[in-house]
Every structure is written in structure tokens, then in C-alpha cells.
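Here it is: the structure, laid out below.
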Amino acid sequence: MSAKIDFSVEELGKRGVKSPIKLSKVHGDFIANYVTDNEFVLYNVDVVLGDQPPIDRTQVFEAAGPREMIYFSPQHVHAGIVTCGGLCPGLNDVIRAIVRCLWFRYGVRRISGIRYGYKGLIPEYGFNTKELDPEVVDDIHKIGGTILGSARGGGKQVTEIVDSMERLNLNMLFAIGGDGTQRGALDIAEEVGRRNLKIAVIGIPKTVDNDFSFIQRSFGFDTAVNKAVEVVTAAHMEAHSQINGIGLVKLMGRESGFIAAHTALASHEVNFVLIPEVPFDIKGPNGLLHHLEERLQRRSHAVIVVAEGAMQDKLVKEVKTDESGNLKMVDVGRYLRDQIQEHFDRKKIEINLKYIDPSYMIRSAPAVPVDSIYCERLGNAAVHAAMAGKTKTIIGLINNEFVHIPMKAAVSQRNHVDPEGNLWRDTLDATNQPILMENKNPQGPTVSEGTDPLELSR
Amino acid sequence: MSAKIDFSVEELGKRGVKSPIKLSKVHGDFIANYVTDNEFVLYNVDVVLGDQPPIDRTQVFEAAGPREMIYFSPQHVHAGIVTCGGLCPGLNDVIRAIVRCLWFRYGVRRISGIRYGYKGLIPEYGFNTKELDPEVVDDIHKIGGTILGSARGGGKQVTEIVDSMERLNLNMLFAIGGDGTQRGALDIAEEVGRRNLKIAVIGIPKTVDNDFSFIQRSFGFDTAVNKAVEVVTAAHMEAHSQINGIGLVKLMGRESGFIAAHTALASHEVNFVLIPEVPFDIKGPNGLLHHLEERLQRRSHAVIVVAEGAMQDKLVKEVKTDESGNLKMVDVGRYLRDQIQEHFDRKKIEINLKYIDPSYMIRSAPAVPVDSIYCERLGNAAVHAAMAGKTKTIIGLINNEFVHIPMKAAVSQRNHVDPEGNLWRDTLDATNQPILMENKNPQGPTVSEGTDPLELSR
Amino acid sequence: MSAKIDFSVEELGKRGVKSPIKLSKVHGDFIANYVTDNEFVLYNVDVVLGDQPPIDRTQVFEAAGPREMIYFSPQHVHAGIVTCGGLCPGLNDVIRAIVRCLWFRYGVRRISGIRYGYKGLIPEYGFNTKELDPEVVDDIHKIGGTILGSARGGGKQVTEIVDSMERLNLNMLFAIGGDGTQRGALDIAEEVGRRNLKIAVIGIPKTVDNDFSFIQRSFGFDTAVNKAVEVVTAAHMEAHSQINGIGLVKLMGRESGFIAAHTALASHEVNFVLIPEVPFDIKGPNGLLHHLEERLQRRSHAVIVVAEGAMQDKLVKEVKTDESGNLKMVDVGRYLRDQIQEHFDRKKIEINLKYIDPSYMIRSAPAVPVDSIYCERLGNAAVHAAMAGKTKTIIGLINNEFVHIPMKAAVSQRNHVDPEGNLWRDTLDATNQPILMENKNPQGPTVSEGTDPLELSR
Amino acid sequence: MSAKIDFSVEELGKRGVKSPIKLSKVHGDFIANYVTDNEFVLYNVDVVLGDQPPIDRTQVFEAAGPREMIYFSPQHVHAGIVTCGGLCPGLNDVIRAIVRCLWFRYGVRRISGIRYGYKGLIPEYGFNTKELDPEVVDDIHKIGGTILGSARGGGKQVTEIVDSMERLNLNMLFAIGGDGTQRGALDIAEEVGRRNLKIAVIGIPKTVDNDFSFIQRSFGFDTAVNKAVEVVTAAHMEAHSQINGIGLVKLMGRESGFIAAHTALASHEVNFVLIPEVPFDIKGPNGLLHHLEERLQRRSHAVIVVAEGAMQDKLVKEVKTDESGNLKMVDVGRYLRDQIQEHFDRKKIEINLKYIDPSYMIRSAPAVPVDSIYCERLGNAAVHAAMAGKTKTIIGLINNEFVHIPMKAAVSQRNHVDPEGNLWRDTLDATNQPILMENKNPQGPTVSEGTDPLELSR
């Protein structure tokens, strides 16, 4: 968070409607209180004692939650919900929570599901909306995917989209999607503003990679790690049961290695984790192949986890983008598989390399309970924000509290694994992985490396 | 956090040994840095803009992690690990992390597991210690329970315990356990101090109920919620498949309803949640029985979750304590079961009530991945603290960062569900549960209550 | 199968309608063939070489499956489906299969779900039927329980039931339930016959205990064992983590110990299995308490599985029956718990006994895939039988083939674990359990008992 | 079973040793009985009433189980266990059962695990054996893979293998593996015979594809279906959440489509199942592409399951074999993926095709309880056979009973899905899949095809 950003969020106008939700304004009556506009959540908790600068709007986020006065009259609300981009565990939980909060808490009775991402708002694709109510969404959290359908792209056709929103008389849009989706939502909200429409645009950040800036953990992430651990266990079993068995698992993470690092920490069976944030050599005296060969000599098997975005700087020759504006990637999993096989073929060492790419199985899973809770609360917060007339705002989790983040700030940067931070340090500890680059270990080996008679058997 | 507490932690003495862990002291070299004594984590992130008082040691916790200079020479360390009290998912993960960090990071070669809680240090019970090394702990995270065995009590026999620690030449003790265990650990550390011994006593807080003060989430909690959701699903299936089926599930939570509230939020199938923090009536016009009867008339089935500590103030006639000093409780689950059955018998309404008490199945489960990661990192942090000579200190997670908390502060209070906070508000929203007390809903019903033709089918 | 029973099944009349299902009558064309009335499945496969008696209708069952000529015109069919008694995994799968086979294969368009067992056909209870079609049942196999609701009893009110069936113009009834339900179905079918109605009554045997005679395995059984193994694992973890920990698990099995025996075989962690078929002593030199004490001395923990019907002959003082006509039982789980606790209290030996009764969690689980397949095929076979005009017939699985069994034969006896058969022998081998009766082990101990220095650690 | 095969199994010689297992020889004493050589299990249960030929040794298999008199003196036994070929759920369960039965039932104290298949018996590979006892195998059933390691090939080096067996003084070898492994075992047993050695060679048939002849179900098969259903659920979620989403899953099944068919039956979400036994067209008016396009027009998504051996006759140009003698295959999954993509690209129809090949994740899974039970009993039966001096014999499950099958018969043929049998008929019913070949549906469409307004939503 280098440059100072003002984290104030926009509102459509004066809030003149009394909320139908009956809460309290006093403490001590055992009834929950409305959230006021004076409640903020501090972002940075790492402090140095001594003189601190005063806290201002560049350091705090507005607390999310139900307001006493709201902007929209519930009986006039027509809400739209759209899910964009790749699948992510918990999408249906979020949809369900939004529908139920609108319906039961505010009494909203017109809720339209937009089909297949922004394309559902572009006439040329010809998709109808899907009417949503509590009955329709009742059990959808038990299955993965999204009942609305999802698709990449479409977000650039802002004029057509806002035309459609006008035709539908939408006055709030919940856009569930990643970086590209939120950039699209901001464009839409700005066009809405130019037309002087009163439509609240609320973003719900979705990234199974956990690479959304500010947010401490994105929904679906724990589920993804859960499934990834299962896959690594399978890869380990394969590796452990063969002569010089190598399990190579490619996990999601285009720009950030969070899934890879957490999976390694949780599974306890990974020997090498390769992520986009930490450069590494394949060849050379400190390269992956060298250390892999040593590992096979010592233990006869190895497990490697690689995030899909690792090495992209080295691998990508020509830059392409997909429909959501994401860069197209070279398949680092297959590249590594071939490099490893070639290396050992050349050395005439028999290996049994099993390459697993489980992405579809991970992202389509239904949410585990901890994610379900997150989605439930996230959806509620989004509805409260929209009813209060907040717009150009995404809902985030900061230091375990739900907050409003201006879209502009949210899409301006990404969240990364800090190569010098605690998470990566603990990941290296858990894997016993050496530093895979020349001249990067000036202080010599740590105690455990290679010298220990009772080395871990995995 | 009403009274001001100084959160400084004690150390055994000057740190004169260079850590065998090779880390960096500069940023930008892609190598993790040592943690310095000037790094702190702010506790309270709820701020009001304007004049803030300066931040002092009553508001921040010391960051955990590896120090450059440590107190103990690794080759002279003999570490003891003890697990106390009831089972909790993740115990073996913590043991494993401590052993591996001591062994691989610091080169410690003498690690003793104390059997069956503090009783393992009291000669009259006659238990031997269990030698621990990475081979022994390699796969233990895959099973529940604790390989050391656990037991309640013993913590009051401080003299015998410290005698044993002297006999064993222990110079660090990792005490994994709840409130009572940490109080015992503090007593032990104080006796250690009186004898002028140099033994680091580090507590790892264990409470499946999540009621440890300061700590944002205790290890094993997510696993417990996971299993509890399975049970509630079963209770719902039973209730839903019978004439006036009622599923009544008692969940853990002696003083705090965190498991109950989170389970209700995650399962989406609970109609009433009863927790210790929120008083409720059983009888009367706003009481549970009245609303339950209404619910059965509308939907023919209902699911009730009750935390074991609910209603204890009303139920307990004579106060008893168990070996750990916990108050003995009246079984609120059976009490409610009988009250409900009597009520409908009296009204001659056929019900099918299924009462489930799944506690043993929940607390003995192996940790889910998100808990595994937590335990791994918690164990690492505990070892770094002990090697640095910290003592009378527990390891906590505050705003997603691991910190040192003085034992005295940690055991001085408990963590509770705030009846007026966001968690409970969202829980009530998820369950549509009315306020179960007379005179507690002065503002009239909210939109959804009873008036809606398309009411939720669960 | 002592007495000779003729296994011929009854039909409503001449089959004069061509089946709308297009199958083949020749082999070799890669199209499945109709099943003819000359296809039979032999029941007893244990043979002694030499002279065999000719095979007649007392040894074979009619093969189930689609017939070329059927009795009912699909467009005139109104089918009823009823689920009775306690829950069992797979009920929804069976309902789903029946509905889909009727609808898609035969074109039947009137299918009524009877609510809450036979009570749904008795006017005084006032339940409406629930219209069923493929849309309604599409996803029901993913949840446990029964979407129709279930209840015990009602089967004796034959007149009212058949009156209702006439009013509804039902011409086939699928009765999914246990022994008592099938006895009720037979009574109903006989009343149907007396009134000269043309209603096919087809039974689908449901018993999570697996105690239906003839049938090799009842649906839901594998799911139940699956869940029971999870519970035993929890009980083992509790026992293993405490001083003299004892895990005592009561499993379903009123008259047969199949779940208990299979669970012990699968879990590998059970030390004593107590089932109704095998008598045992609690006290005395070969009794359970004696051997349990010895086990605790050797291994410090033990796991006991007891089927609910064990010891009933000894325990039951006064005989009562529930609504389905099942004998009411004394709770052997609590009885054993108290006996064990008393024994060790008297001997002043500290034990930690955890008693778990997981029945509701087991029987409400959704079916595992192997049970799903069974239910799918069972439901298909039931529909083919009904369409062919078979009546007073249940569908069974014999030597891996689906067959028709006359109801009269099916309800005449029960399936038991043979105390001298292979299953029980392998169970004893898996548990190392001694024979728990005096004078029952005349040939002395086997090799393994007590004499081995490297005894199993569980 | 066309040609008549004598199913008698060979024995090493006269059984002159009294078994240390104490069983009974009388019925009614509540003690299991020894199995005698006069107990047989009939193979074929499909009968036609009328004159039956007398039952002889070409129709029955010898019952497995403990004999009163055995061939080997337990104290002189040195047993070897080898696991060959690809992984399969349950391998560790079988190893565990063999070790425990040898140790606890017979008192055998020398048991050697052969590493990495037959290669572990060939000196040039340089692998040591692994000593096995109950402690080593205690918990191995909880993990997948094989603790011995496995490898393909080596079975042709019979001389070296038998030399090694002599050097090790093995007198029994348990060979756990597929068709090729058992052919190797037979060669080994014949060489053993030529050298006049007294080594019992017992095969335990392992085929996750379930294609072993005679055997009703191979161990690990239910686990494989379980895991495959999870994958199909993921594929369905992906397909269902995208514009014209197609989930294409390749499952194991080189020569037999059992996994594919059972998975389709269990998951209820598959629209097309393609297996080796049933020919199908890709192009043309009845081909897969045509019907897939129709399906997308109707339902916008589709799920296809293809067994790896499907279409091999059409695809394979040059025949290659792998180390175990299996034919190398063309990857039908990728072939179909490309064909489908090309077809819709050519027609300019946007599809979203997700191709999943989950083989490694399926075969490395730990066994589900029903498979665990099977493996436990299979291992016991193998030990009883070896101790009795049976040789050139595999253990099979026939009509739910364990039997001895001569190796020669077992490897002479394969088990296939009968395209005209009940399993395939029910699979077609479950999927609503049309016959995918021209001129193969002479009798016209069945009721459900295309004509129904309320068509299934999946």
C-alpha cells in the first residue's frame, strides 16, 4: 500500500428511507445495533511503537453492515446478480445469501439472475434472465458451480450492458467476479453515473487464487486448498509407490502462489513449491533438477507443486489475452514435466513421473463450511451496502471484519505472497526446500540440510 | 479489554546465542528476515476517526517468529511437550510442528513427550515419557486425538511437576491446553522462577469452543464446525422425514456459543440456536416452546442447536468442578429434550424428536487443511519463542498474525459471542430465529416474520 | 432355508400389452434382450459333488427385468410409492429410480407419493399425496432421508388403506420398508385380492440391519458401514488418547449383527464385537469384563462395538412392541456402559469410558455410490415387475442378480450372522477377540493369545 | 465360460501338519468350523428348470478358508509378498491382512516384502526386501498406494526370480497383481515345480478395471467408482455452469467398461458412456457428435464418460506393449476432445469443453470400508491357501464366497460388460443414451426420446 489512496466510497444520494430491519441503537439490550457511518476498520496492524501519524481515510475502511436509514424503498427495488469468469467454490452460497437477505430482511421481491456473466446483459447473446427467490436458491449451496452460469468477457460492451439494465429497470447490480469483472463493474457504474441513473453497483470479489488486494482471504480459497491437499496426497502416494516416483501437481495461481503455499503447508508431503513471486532456476548447481536428483538419491521419491503462473516471465514468448483480459499463459506444468523427464532420460535414471492438473476438480467443488459462512456473511454485507445506496464499492474482509472498499482502489493492485514474509518462510520450513537460485544462500546451509541421519521419510 | 494490561512478555535472560537458522536482515533479497523485538501487532482495529491516543504496550502484542539471537544453545536443549484436557482436532499437528521445528530448524535432539497431561509429570501416576523425533511424528497429523495421551487435572501439584522437570533436565516446556492448563503452566513457570531455574514455559492455547480471550480463532475450531455441520445435516434429514420431526443437536461451548453460531451459519438448516451469551425463555408467549410449535404448524419440522453451556445459570443448582477446575454442568440437551417432549405430549401433538450429542465425534476428528496450516505455524512460532527464552507466554493469532501474549493476560478473561455484534446478527438472519424473550422486541416484527407466502422451505 | 418353499410369484392376470420398451429378442445384435419367464437364479451355491437332486421351484427365484408383454397399459397407470419405518440411506434413490423408470421407460404420467408411511393412506391422519415426476426427484438422491416422509405403523388398518387406494384409483403400490411393512403390504395385497381389484403390490425390502432373509445385501447397508467406521475411528481416537480409554459404540442391528461385524472388519480398530447371534458372558472368568481388564493392562485402551439387539434375551423383562410391531428393546449400550464403569470403580481402576450412539447420523446419510447403483437398479426392477402385473412380490438381490421373491417367503424368516460361518470367523480374526463364554474354548488358546511379544498396538 | 475347464487346484503335497488355528469340526457349538476339501461353490447361477447335467469340477470352485491339516510347519515358513503393476485402492489392506493372518493365526515370524514388483527379486535392480510384522503394517490401510512399492514388468526373468526365491529360502509367495502378474506367477510356479522346490505360489488378483475373469468384483473397484463419481460431479458442475458446457471424463478400463458404466449409474449425471465392449460411431447421423449437438440444443450442457480402452480397434495404428505386456493405447480422451472441438468450431458453435483425466487420483486412494472388508478377507483366504500348500492358485470371490481358482483358468480370459446384459441395459436407462450406431435401432425410439415436455434437467 505504497501510494496513499482515499478509501471513501461513493453513495447514490441521500438516504431517506427507514430500514425495515429492526435493530437497536443502544448497547446492553441484547439486540444487535445498526452500523453507523462512523465505524471504521484499520487496515495495517503492523505497528512500531513511538510517534504514530494520526489515522485518516487512507488507512481505514468503512465498516459494512445494515444502516438505519437506507437509500432505496424496498418495494421498488429490482436487483440483478451476475457471476463472471471461472468457477470458484461458494458462488452459489453468495447468490443464495444475496437473494435471501434482499427477500427476508428488506422485503425485495424482484431479483433477476443474469445468465453467463456480462454476456447475459448483451442482447446479441440472447439470454433471458432467471427469476430468483428463496425457493429457487434454497439448496443451491450444496452444489458447486453457479446456477446462473458464468462466462468470461463482455465487460467492455458497457453501452449495451447499461442499455439492458435500463430496459430491465434494475436499480442494483451485484457483480461477483475477479479483477477484470470489477474493472468492468466500475466502467458500468461510471456509465450509469454519466446517464445520471440511480443504480447501485456492488462488487463481490471472487478469486480462487486469493490475489485480490486488501482482502485477507477470498471466498472459496479454503475449499480450494482442501481439494488441492487431496490431490497432493494422491500424487504423494503415486510417487511413494514407484521407483524414483515423482508427483508433479499444477495448482491454480496466475499471479500469486497462495494456493500452492497453503497446500504445501497443509499437506506436509510437498518437497518443492514453485510460485510466481519467487524466481528459481531449473538448471545449474542450485537449480530444481539438481536438487530433485539429490532428493531422489536420498529418498527415492519427491512431490513438486507448481503454481500455474510460475516462471511465466521466462516462458512467455508472445503475449496474448483471453476474453476477460487475463494474459494467456504457457503451461508451466507440462513444461516442467518435459524438462524433468528429459533430464533423467539423459542421465539414464529411471523415474516414474505422474503429472496431475486438478484445476477443474478444485474450482467446481461445493464450499466447505468455513467458506459457506464467509459467503453467507459476504452476501449479507453486499445487500446492506446496496440498499444504503453505496456504489462503485466492493465488499472485503479486512482483519476479520467486513468493509466497503472503493472499486478503484481494489482493482489497482494485486495481493502477492511476500517472498520475505512469514507465510513463505513457514512454507520453506515445512518443505525443507532449499533456495533454488545461485548466489542466493550466502550464509551457508541451515542445520537440517542433508546432514541428518534421521531425515524425514517424506 | 476493559482494564489496561501491559502485554509485554517475560524472557529468561540475555540472548547470547546466534540462531542456527539462516535468514536475512535486509529486504529485497528474496530471503525471509528475522523478526525483531520492535515488531508489534495492533489488537483493536475498530477505530473512530479523529484524535487517537498514542499506541502503547497495552494495545499491541509482540510479533512471533525466529529471532537472530536466541537464549538456548540448541545442543543443550531438552524440550518437553504436554497435551492436557479434552481432545481437540489438530493436537497431533501441533506436536508434529514443534518436534520438526526443534529438530530441523534448530538441531535440537532431545524432545520428550509427556504422557497424559500434567499427570505424566507427577511420579505417583508412574508414566514414562515418550521420546519424540521426526520419524515418530511423521504421519501423526493424519489421525485425531493426541499421541501423547491427554488428561484433565494435575496442574495443582506444582511442586511435584517442577521436581520432575528438574529430574528430566527439561529446559523448555510446551503446554498445549485450555484455560485451566495455562493457569497451571503459569503456576509452574512461577515455581520455576522461584527456584531460579532457566526453563521456558510456552503455552499453546487449545479450546475447541474458541473461547480463549484475544485469539481470533483457536486451532481445531474450523474442523469442529465442519463436523458439526455434518451432524446438523443428519438431524435435519431426520426431522424433515418424520411427522413433526424435531432435530435437537447439542454442540460444544461451555461458556461461548461460537461453534453453535458458526454451525448454524454454515449449515443453513437450523431454526433455533441457543447459546450461553444470549438469555432465552423456554415457556411463555415469546419462549422457545411457543415459537417451536408455530414453526411445526407452518413447516412440520424444525432443527434446534444448543450449546452445552446455554441456560446454565438457570439450571445449575449446586456447583461442582471437574479435575481441570471447570464447572460441572447440567445437561441442557437432555433437559430441553424432556421439556419439548412434555410440552407436546401435554398438547397431544405427535412429534418425532431426535436428540444427538456428537461431541466425541467432533473433537476426535483429524484437522481439516485450514486447521493443519494453523497448527503447523503455531507450533513453529512456539518453538521460536522458547528458543528465544520467552516464558510465561502463550502463542496467539491476532488479526491474522502470530504473536506472544503474556499468560497472565490470556487467562484473565474469556472470549464470547457478542449478542449485539455482527456474528450473532448474521446468525439470527440465517436462521430467521425470533428473539426468544418477552419484552425484547419493542420495535415489532421485521418484514419476513410469518407474513410471507413464499417462506423458506427449511 | 429348512422347509421347502415354492418361490413362484403371483401375477394379476394375462399380460396382453406390448411393452413400450424396445429391446431385442436375439443375441449378438448389441441390444439388450427382454427377460423371459424361463430365466431363474439359483439360491444355494454351496454344493457337494456327486448326486444332486433336480432343481425345482423351491431352489430358484424368477429373474427380474423388463418383459416383452406387460399387464398394464402405461397410459392408464396410477402408481403410488410409500416409504415406511426408520430412515435408511438410499430411500430417495429408490424413489427416484421408480419415478424415472415409470416415466421415461413406460410413459406413465400419474405417480403419487404417499406421505409418512401407511398413515398417508389412512384418512384420519389427513395427509395429501405428493405428485411425483422426474423434475421433482431429479436431485433427491443427493440428500438423505425420504422426501415422502416416513412413519412406523398403520399397516394394520388394511380396510382404510385399500379404501384409499380405490379412491385414488391406484393400480400399483410400491411399498419400501422392512419386515413389518412387507407383512402389511401382503395384508393389503390380500384385501386387494378379496375385493377383486387389479392392483399390483410390489415390496422393496428396506433394512439397514441387513437382516432380510434371502437377500444378499440390503440397500443402504454399505453406506451404514461406511458411517459406522467413521464413528469407530472417533471412538478409537478417544480411547487411545486417554488413560485406560474405552470407546463403546452401539450400532444398529436389532436381530442381526451384520453392521457390527462388517464395521469391525473394516475399521481394524475394534477389540470386542457383541452381536445378538452369539451369546456372551459379562462377568466370570471368560466374560467381557475380565477380558476387557486384561486388554487394558496390556494396551491401556480398548474399543467395543455392540449391536443394539445383543443380550436382549437376558435383558428384556417385559415384552413391548412399537407401532411397527417390533419388540421394544432394553438399551444394551447404556447397560454395558454402566456395568463396565461399576466394575472398574469397584476395582478402583481409573478408566475413561466414552459411549457413542450414532444411529441417527448413520441412517440419515445419503447413499454412497455403490448403494446408489443398487437402489437405481432395484427401483428399475420393481417397476418392470409391477408393469408385468406381478404382485405380492418383493425385489431381491440373490447372487448378484435381481429376482422376484414371494412376499410370503420373504417375511417368514430373518437373515442372521452365522456364528460358525466365514464372516464371523473373519471378524474374530480381525479383532483377536476371545470367546466370551465359559466352557466354549475346549481346545485351548490359539497361537496369538497373549503370548506374543510384538502384539498389535491397537 | 464356453470351453470346459477343470477348476481343480494344485497342492504341493500331503498335508501332514495340524493347524495351530483352533476351530471346530461340529455344528452347533458356536465355534467356526474348518473348511473341508469337499466344500465347493457353484459358478453359474442362471438356470433353466428341467433336466440339469450333473455338477462336476468344471462348474464349481473349491471353497477357500482354514484347513484342519496344513502343509507347512509355521515355524519354518518364510513368506514373500509382492505387489505389481499400477496402483489400486486396497493394496495395503491386502498386505496388512496377509501379514496379520500369518503372524497371529499361524505364528509365522518371517515375512518379507518384495520391493517394486518382480524387479525386487531380480538382482540387477539391487532392491533389498522389507521385513514385515504387525507393527509395520498396523496403520498402512489408512493410506493409498503400496508400502512395498510396485512396478510393471520383470515377470519374464523367471530364472533370476526363482534363484532369488531360493536364496531367500522363501516357501510361499503372494503375488498381488493383474493378468500379466498372474501369468508371471504361473511361470514362476512352473519353474519352481521344475526345480522340485516346495514353494506355494498364491495369486491375489488386482484389477481396478474389474476385468478379471470369474471374479464377481475385484478389490478396489468400489473405491474407484466412488472417486470417479466425485470427478463426474465436478465435470457436471463445470458443464452446467458454462455456455454449451461439455464435461469429458476419461476413466480407467483398458478392455472393460465396468468403471465407466458403474460411475454413470451412480452419478445420475452422465449423458453418454463410451466403453470398449460397445462399438459406436463418432460421425454420421447416429454418431456421438450428432447426438451431442442435439443434446446441447436441448439442454445447453452435456457430460461424457469414456473408458480408456474405447475405440482402440479403430484408433490403434501400430501395436506396442508396455513392460507388463499390456498393449499401448492411443489416448481416446484427447482424441475425442479434439474431435468434439473441431466439430463445433467448424459449425461455429461456442462450446466450453473441459477434459478431465483423473486416473492417478482414483487409483491412489485409500480403500473405502466395503473394499477394506474385501481385502481383509481376501488376504486371510490367501494365507489359508498357502499354508495348506495350495499353489498356482488365485483367490477369487464367486457368488459372495471366497474360492480357489487355478491360475491357468484365471488368466485364460477376461471379464467384460455384456452389451446385452442387465448392467449395460440399466446404464443406458440411467443415461437416456441413444444407440450410437447406424442401423442399430430397428425398432424405433422408446417412449422417452425427445418427445417429452418435462425432460430431465440434467
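Each chain carries a letter (A, B, C and D) given by its place in the written order, and its residues are counted from 1.
To be clear about the criterion, a contact is a pair of C-beta atoms (placed from the backbone, for glycine too) under 8 Å apart; a residue touches a chain by one contact, two chains touch by 3 or more.
Going by UniProt, the chains are A, B, C, D = ATP-dependent 6-phosphofructokinase.
Bear in mind the structure is a predicted one, so any value in this text is a computation, not a measurement.
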{"item": "Label of the chain whose CA centroid is most distant from the centroid of subunit B", "value": "D"}
{"item": "B-C or A-B, whichever has more C-beta pairs in contact", "value": "A-B"}
{"item": "Euclidean distance of C-alpha centroids - subunit A vs subunit C, Å", "value": "46"}
{"item": "Distance from subunit B to subunit A - Cα centre to Cα centre, in angstrom", "value": "27"}
{"item": "Distance between chain centroids, defined by C-alpha means - subunit B, subunit C (Å)", "value": "41"}
{"item": "Sites on subunit C at which at least two other chains make contact", "value": "143"}
{"item": "In the complex with subunit D, residue positions of subunit A that touch it", "value": "87, 116, 119, 143-146, 149-151, 230-231, 233-235, 237-238, 240-243, 354, 356, 358, 360-361, 364-365"}
{"item": "For the subunit D and subunit C complex, residues of the former touching the latter", "value": "20-24, 27-33, 38-42, 45-49, 51-52, 54-57, 60, 63, 65-66, 74, 96, 100-101, 103-107, 133-135, 138, 141, 216, 222, 225-226, 229, 262-263, 265-268, 278-279, 368-370, 372-373, 376-377, 380, 398-402, 419-422, 424-426, 428-430, 432, 435, 437, 440-441, 443-448, 452, 454-458"}
